[in-house]
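Structure, as structure tokens:
For reference, chains read A, B, C and D in written order, and residue numbers begin at 1 within each chain.
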């Protein structure tokens, strides 16, 4: 094992200030594990944090970005019980959220918690879980945020079941995980997108219906028509703004709207009436806890579910990967960290 | 028993068009019960329906207003199994919603379903439950809408328990039921009002804390302070508009916002961030089902809980009762129908 | 339409007293539908009722047996709103259980409620739902009891999800629906049987693992081994007696045991310790409500799930069908009623 | 602070082998807190562990018994974030169960985890919570096992609410907490006991009804009569054996039986029929998690609920305290550890 490693460092806001540094490989303290990182999946939140620190908690440079990695444990500190060297792991997005409601004091990795865009990272032993057995590291690295967000919304909180209808907006990582998880539970999906080619690809992935936004600006009516007037059971809100009003109108009585997205307008606006007359539940989804991530890993392994990675980049190609992220990938963009 | 009865009739929108008619007492058909009405509790929705039909479903005159009554079964139709003559009953707000999610085809009483402002009314046998034993008819008539709304939000859906904190807005019927139900479950209440005298009366009723809106326009900070920074477990949103943003900021991680009100702005508007970071549940509460009303009656009887009726009016005094409703009563306003 | 019909009649206990009678076709009263029956699925409960009335509530002859049918509405009574003539329907096992907890006064069809082994039956309009679109009538007739029981245990109450493990006992109707529903939700199944050939057929149907009881009398250890020591998430108890102790030992922490069966010993017996240390939930499943049956129909239609009917018999062949039932069919046995 | 402390030590099974040792006060390692113990509440499990190690997990001497203490943090190890010296705390029964389902690797205090019958104890910082503000240390020490068990059964898992009926068996610590928590949530209680004097004392504490077992050996009929035939919503099973059959017959449709007890027969035995016809839930309750204990502390503080401590003993009087425990106290027995 070398003594130094490469690490991406953001000294001040702006992607032009990202620097590839060479620093000493750290050593694990009590309760910590040292992980050799092999793949890091990027989230839109990482871009926002790099641009201006607005990807959730307000954060300030300097920091190393990114929360979602796959890698191998190479050393463990005193008292570590959950892992031994040699195990493949993925990180938890939230450091310290194990189960139940989110506890105070929990840190998001990739600022303010430690960032994963490094060849080696230190984690508290509680901040990682065993990687799925049958995925590549690039694929596995997409579970901690995008995969778990879709799982929390649909399965852990939403109790999705066969015969239900799920509406998904866009074709980013969360939406495509939503398509795959819904299909795996015997549910129908209706996918909205502004891009006919992406709709086509999503159908190949298992989406039941695709709606082109330009053809169906008031898409909620189409959802009603496709469900014999009943409405959808679940909508993942990935747009925001006034779109939420349409989402509520697309829901059945007692349906569930999971609010996730930052893509459109961060201000939600809707009339109270569809909510009162439809008795819907709206729930904010801020990723999820470790127990649910372990459930997801178990599901991914049993289902042989393969996450959609549109492109993998080398470790030095982070700028290109971020540019891809800004263009709106179909699924996920991953930075490889293996030498 | 007489052959004719009095009934309030709205021929066209506007309270000036309310007429007290004398009509024949109807006879119950198969599956119906004939109820001699003794008390009718008014809701703000009744005023909106009378003014312009906007109290929920868009309704059109002619109709008899009001949904919530207490009375006595005086005759039953063929095949009726749930009731016999002589039983004291209260109506269900929704005709036909028995349990589970709200089913299509269910009617709200008081338009489009039959209105209760009559000396005798016909109901499907499924549209009534036994009245609580220890309440006057005026008190009992407040349960079907105001009482059940608070119960659905806090107990049936909210699983309220001892040690939790509930925020209530205003001192109308739902808010005061919220105070009483929270106290009965060992929970703390924080009541917001624009009227110091009403806060005083609410404290006598069991409210733990009162906040005067003029002193605490950004009342969410006060809620945080009163809960050692943790936030409230439940907020009943009875105002709407931008207030919802404050309500979300007042909630603890994973807290529950029950959206009920029509009092302020019917347009909800909020940033997505408190929702994402707080993982709150927002749920629209459109009154509730019969099984929950039966649970509430059982609770009211065991607790000897006495609903707050600020004033009772004679049957002919409906206009005065509506004027009282418009001024914003402390609790409920009831029209007596007994001769 | 003819004026007379055939109907199976049990004048006293014992299958030798089953008589095929010719009686007048009834006419629907208010709120009723007349259904021309085309297929009736038999349950083990029907056999018990015929033998000695012990298939649930203690019942007494005379009665017409069987609860589960598919057919076509041919006439409707006054006030019927849910159906029109010409619609394909299936019965609900419980007449009047619409949603939520089971209400008092609800009748099981096939005694004490009306029996379905007739060419025409009268049902309250609330006691039927639209049949799935893509199934034969024989297949559709298996949903009201066997299909719904598995659905209630696993989906409605159990919130089954992908990656979980379900243990099923035997290869009767409920167990095979369990295999199919688990597969449809991305879950693993472990099936126990005393018959190697049936295990083979179940694997073809989607069962992940099969355990031969004679090879694994203490099968709970095998379940632990197959789940890396974790235990199963769901067990459907279809045997009873001391088997329940093994079922509890096979469950993971907080796992769920759905008690369904009458096949073995009707006396449950177990040490308290696995229950205390495993914090399991044991739930009695007595079929289910209409809303869940509608959810199941929607799932069956979307999944193109085909229930397992091992054999269909003609209407006059009821004795042969019952004999098949006693031998323990693989899946369901159906009596056809179409002329 | 002294350098030595007293500690009870069990070298081999049998209470006659309990020894009061003088040992060095330990020092907290990383992540640990050192607590000066002031009060230790005894549980029946402690007696079983002392007698023969059968109080749950099979344990072997040597060990220090007891799991439930109140005390004061006097020193903290490196990296401790949850506590500072000077804070009053109580232990969690399970070391490491924070929320959600019970995780593998979690230790019960008092064997196999560290025992609390010592003047000073070391705990992982995660194994304690802030003590309620208004209780004495003796009272506070009763919450970790007896209080939390009743809370998990009735509130966290049972969603107890006003107007419900709770059946409790005996007058030990869990049963009396059940009486107090039910009363605090507006629920009715029916208490069974073999001792008329204890029933009288329980009524003074808030129990609604008391049934003397000798007068009502088939007490389930009395429960039905007291609930107008409906049955109880919750039963806490503290007896075991064949009593479970009566408990199931006492429950309403869909009611909940929480299995807790070790007092009678550890073999549960019941017919399957009440379970199938009543669709009950039976759940094993093995104390509970830290988040629920924090909820309970908050409730106790708001309600000013005072646990029932029948007698306090000095630290050297452990044998007398155990003898009291064997006689069956009314509520809890506590050993004081303050000098």
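FYI, contacts are C-beta pairs under 8 Å (C-beta built on N, C-alpha and C of every residue); 3 or more make two chains touch, one makes a residue touch a chain.
In this text, all values refer to a predicted model and were calculated from it rather than measured experimentally.
Here A-D and A-C were compared by C-beta pairs in contact; the pair with more is A-C. In this entry, A-C is the pair from C-D, A-C or A-B that repeats the interface of B-D, since more than half of their contact pairs coincide by residue number. Taking each chain's centre as the mean of its C-alpha atoms, chain A lies 40 Å from chain C. Residue positions 101 of chain A are each in touch with at least two other chains.
Residues 30-31, 79, 81, 98-101, 103, 105, 289, 291 of chain C touch chain B in their complex.
Taken together, the chain D residues at the contact with chain B in this complex read 155, 159-164, 181, 184-188, 295-303. By the touch criterion stated above, chain A contacts chain B in their complex at residues 56-57, 101-104, 240, 253-254, 259-262, 266-286.
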